[in-house]
């Protein structure tokens, strides 16, 4: 059953509550315009809020995202919808768009939830925690993560056994299983697409053994192991809970590889791997960290210095292409690789391997537009019609793109891009008033 | 004196708590005089903690708040806002820096770090005890922005601001608009030429009544600050009358006997003392290079539009914000650096780009046809010995793009790339793939053994030990060597000094925080964009220019700006007017007034910038700065010992 | 505390909000270590420091005072360097009158990225103070 | 039908069936939870020791044990002499 609701109009619709969408929302709202920010997940903050520390300054990601998400959630000009998806956008005329928004039930009244976690304790279900990239479990009644915004519980209805234990203990009666999907029609004058990116799924490269060998993990999983809200008490390998002491990074996993359909460079993997290597050296002073790379792309402000700093700390950089990874009985991994320096094939043993997975397009936004075509570039990112001078412009007038929805980029570039998209959107609103 | 102070000590998710025993700090300060609440928190800046703080302030009627966390440059404003939301005047908030100046600085000494954190929090408590509620000064913001630099970044920012109905002054030092991009031929990714891009922007700009463009113009003085910058702009004459017709001017140019290296073409060609940059340049009027003009009068005889009586003008402009877009200089190699200026056929990448554009049919260098081209990468970047340790970001892509272009335009070209690892990040990677597929040869040098350029028997040879072939020594005979030079800050960046803009370790202008405040500077009201902040390609420059425009606009869009109410105050009883303070004040904020029998100093709050220069010169110690009074500073000192 | 003093001297640093304090922050960011008995009080401009504050610090037991001055980068104008210099010489006079070794007050211009220079200056000041204490 | 707050699960139960797979997984979790907690009653154990005692795959023991740490049933004990493996014990003696 879907209830239909008509709600008031907004000046700008921003799709995606990650760092780019959030930044754009704040910029536009601060100029006095009404913004509707739509996030499909339970919390805003995107991928960044789940990171440990960020290069090249090693600020904790939370220190940068939490004040922003907090500002977003209380901004008088921003209406925030989480657990929502835009199902279609019709362009009626020049600066008039109509969007249909589907709000999935959270089964919790956000305003009433105090995040006391009693429901979490009471819930008898345990399933893999997607916010910890499946390294530990979570309950079916759960708060996504400790710095989530809104910080409120949610019910994972797919895994819920409807025992009712959560609502019995809830002190504010905020759990409500009668909630249903809702649909909204919204009128807006401009749209910003900040739908972000998808991480490469290393299951598509069976030769690295991800999924099969438990000690082959993705960089996002390592990111969680290093974060303050980490799944384990320290860095552990998932196969047997051992503290690793010989960790390898495989760069360009799913990037610069036409054979898996992604010929471009993901722009961030070198740097986040170098950052993780520095954090690992700090967390496990006795550990060896080796980074297998093709080229190190430390191109941004302060990046080259950061790379040199990692070398100085003793991180081992090996110019080499990984052919195959195999597992030993004790869970250690044998990396067969072409050592480019020595021009021969070699093998090395590590007790944990981190796949530095690349950035892929999120194609969610492409299906939205019914009346106009949202063009994509050859790599399926949102096409920039004037990529040199107006990078935020898309093939639809009045629809702008920000952040990684148009291609791989790091956090500073995403934030600048969001500033750029908000400038275009504000100009568009002023010019079409 | 405050009686109900709330203190929050932040773990910063380990950044602090890994080195500072935050619980010990909490215990050490919870019984300090006036402290009624002392908590630790994993992330003080998180939404949930901010909400808790608001609730704490309300339920406990706190009258002062201290958060001990990261540097105040990051989150002072965050926590001031928390206080405001709890209806506590934000000046009752004091920030203690126990991350940058404690946990990180003393990560080698946990006991020492904890001890220091305790003292620093105590000092913050001492300061907050004396804190007073204050109202910010409100000033009228001039609704106009000065953009310094008329390159792509400056022009984009000008359009963005003009679109927002904000008047713009675009101030370009050169006589022609367009900056570095005007000098480029086709560009990745769109294959538009630099000229096309500049033309597009210029044609858009000149239609706008709220944009004023100055060329040959330099800011020579700046007085004032955010909301009200008063700039003096010096405009050099072109010595050509407005609205002149081309016809005779070209003859005048032809007649000019002075021949000079043409900087627009990076000195690979020459120009006259009366000159154009290129036929479709903007503004479409030549200029006389008066420094090199011999005043022979030949041009005047031919063309009636020459006017040597034109004088330099000084204009006063008044703006609310200044947006810097002054760009970069290409690195100039030192004599002998990879054969530069010593071996004949060594050019820089910018020179090479001009050569490609200016050559027709055959690529000639000093009359000889060029076939083998060697590119040496990272010249002036990633220097192990030298001041530029950074990567210049754009040059790998730019060099590869040029190498593809030269191959397309001319026959029989062979490209040899002497790299230090190609950095065609993102979608630029496809260029590198295309170049490799076309048979370009890529080699990579060891970090400690860069390629060597030498001249042997009239031949120019590049030698490398190539990583990609297992360290094999490879030599290439090259007709032309292209030094892939990076970006460096403008040699003459004096306009930055005029605004006191801080520079980073790389000597480019520095932002406050790369992620939180990426286009703002420590100088309120001045934003930075484009390559003056660090190497960027055109798309990145456009993004940062638009970001900076958004920020500059936000300062002035409301017409009213709030500034810190931190001003000097005079103790009427102690003051006996001696003029010392007024002499010390750099802003003329102090004058004398008569109160009854007595003459004392009076501070003009609207003009006082709160520097405190008047404080130490007062013989009777009659002046204090709000929030930095002697009682506050001295009680902080008492707590620190 | 006395035992601590054997290891490192107690130094009070006056830094400035926009120029030298960012440099001291960056020293932390770069993990450039210096003695933890170095404490900072931040003021808007180094030319606004009162001699009585410096004297107060010695009175309360600080071994040294270091003024991390704005130098020519000062946002309040070029006169800052000269004025800060005057504060130092006036304070030196006061110190002599109170039989305090003038070398226990030091000033250096610290620009907004002078982190290494700050740490170097502080370390040598600390060594000097340690050598000349207990006398 | 008026639905009482705090007892809304019943309402949804009428409209939506819980998949058998979900029920099975929940039962399995409870079983493993009990087994791990029982095994730790006597003594603190390493993952290796737990694996032998429970006859489970090691990586599964890691996953479930870490979840129980997160849920507050188990806590991390000491690390061995080689700094490689931690032992785990019941929190507050169960």
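Every chain is named by a letter (A, B, C and D) in the order it is written, and numbering of its residues begins at 1.
The working rule: contacts are C-beta pairs under 8 Å (C-beta built on N, C-alpha and C of every residue); 3 or more make two chains touch, one makes a residue touch a chain.
Predicted model, so just to flag it, every value in this text is computed and none were measured.
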Centre-most chain by CA centroid is B
Looking at Cα centroids only, farthest away from chain A lies chain C
Chain A and chain D have mean C-alpha positions lying a whole-number Å distance apart equal to 28
Note: chain D sits from chain B at a C-alpha centroid distance in Å of 54
When centres are defined as mean Cα positions, the distance from chain A to chain C in whole Å is 45
Multi-chain touching residues of chain B, meaning two or more other chains, are 504-505
Contacts with two or more other chains occur in chain A at residues 57
Expected list for chain C, residues touching two or more other chains, is 29
Among line, ring, star, complete and other, the chain touch graph is line
Listed by label, touching pairs are A-B, A-D, B-C
Residue positions on chain B within touch of chain A in the complex are 11-15, 42-43, 45-48, 50, 70, 74-75, 78, 85, 152, 156, 160, 163-165, 187, 189-190, 192, 197, 200-201, 381-382, 389-391, 393, 421-430, 433, 467-471, 504-506, 508, 514-516, 518-519, 533-535, 538-540, 542-551, 553-554, 557
Chain A contacts chain D in the complex at 121, 124-128, 135-139, 157-164, 167-168, 170, 173, 175-178, 214, 231-234, 236, 238-243, 245, 286, 331
Counting only contacts in the complex, chain C reaches chain B at residues 4, 10, 12, 18-19, 21-22, 24-29, 31-37, 39-45, 47-53, 56-57, 60-62, 73-77, 79-80, 83, 86-87, 90, 111-113
In the complex, the residues of chain D that touch chain A are 3, 5-13, 16, 18, 22-23, 25-26, 29-30, 33, 46-48, 51, 58-59, 61-67, 69-72, 76, 79, 83-86
In the complex, the residues of chain B that touch chain C are 71-73, 97, 99-109, 112-113, 115-116, 119-120, 123, 500, 502-505, 510, 522-523, 566, 584, 586-587, 609-617, 621, 625, 628, 630, 633-634, 636-638, 640-641
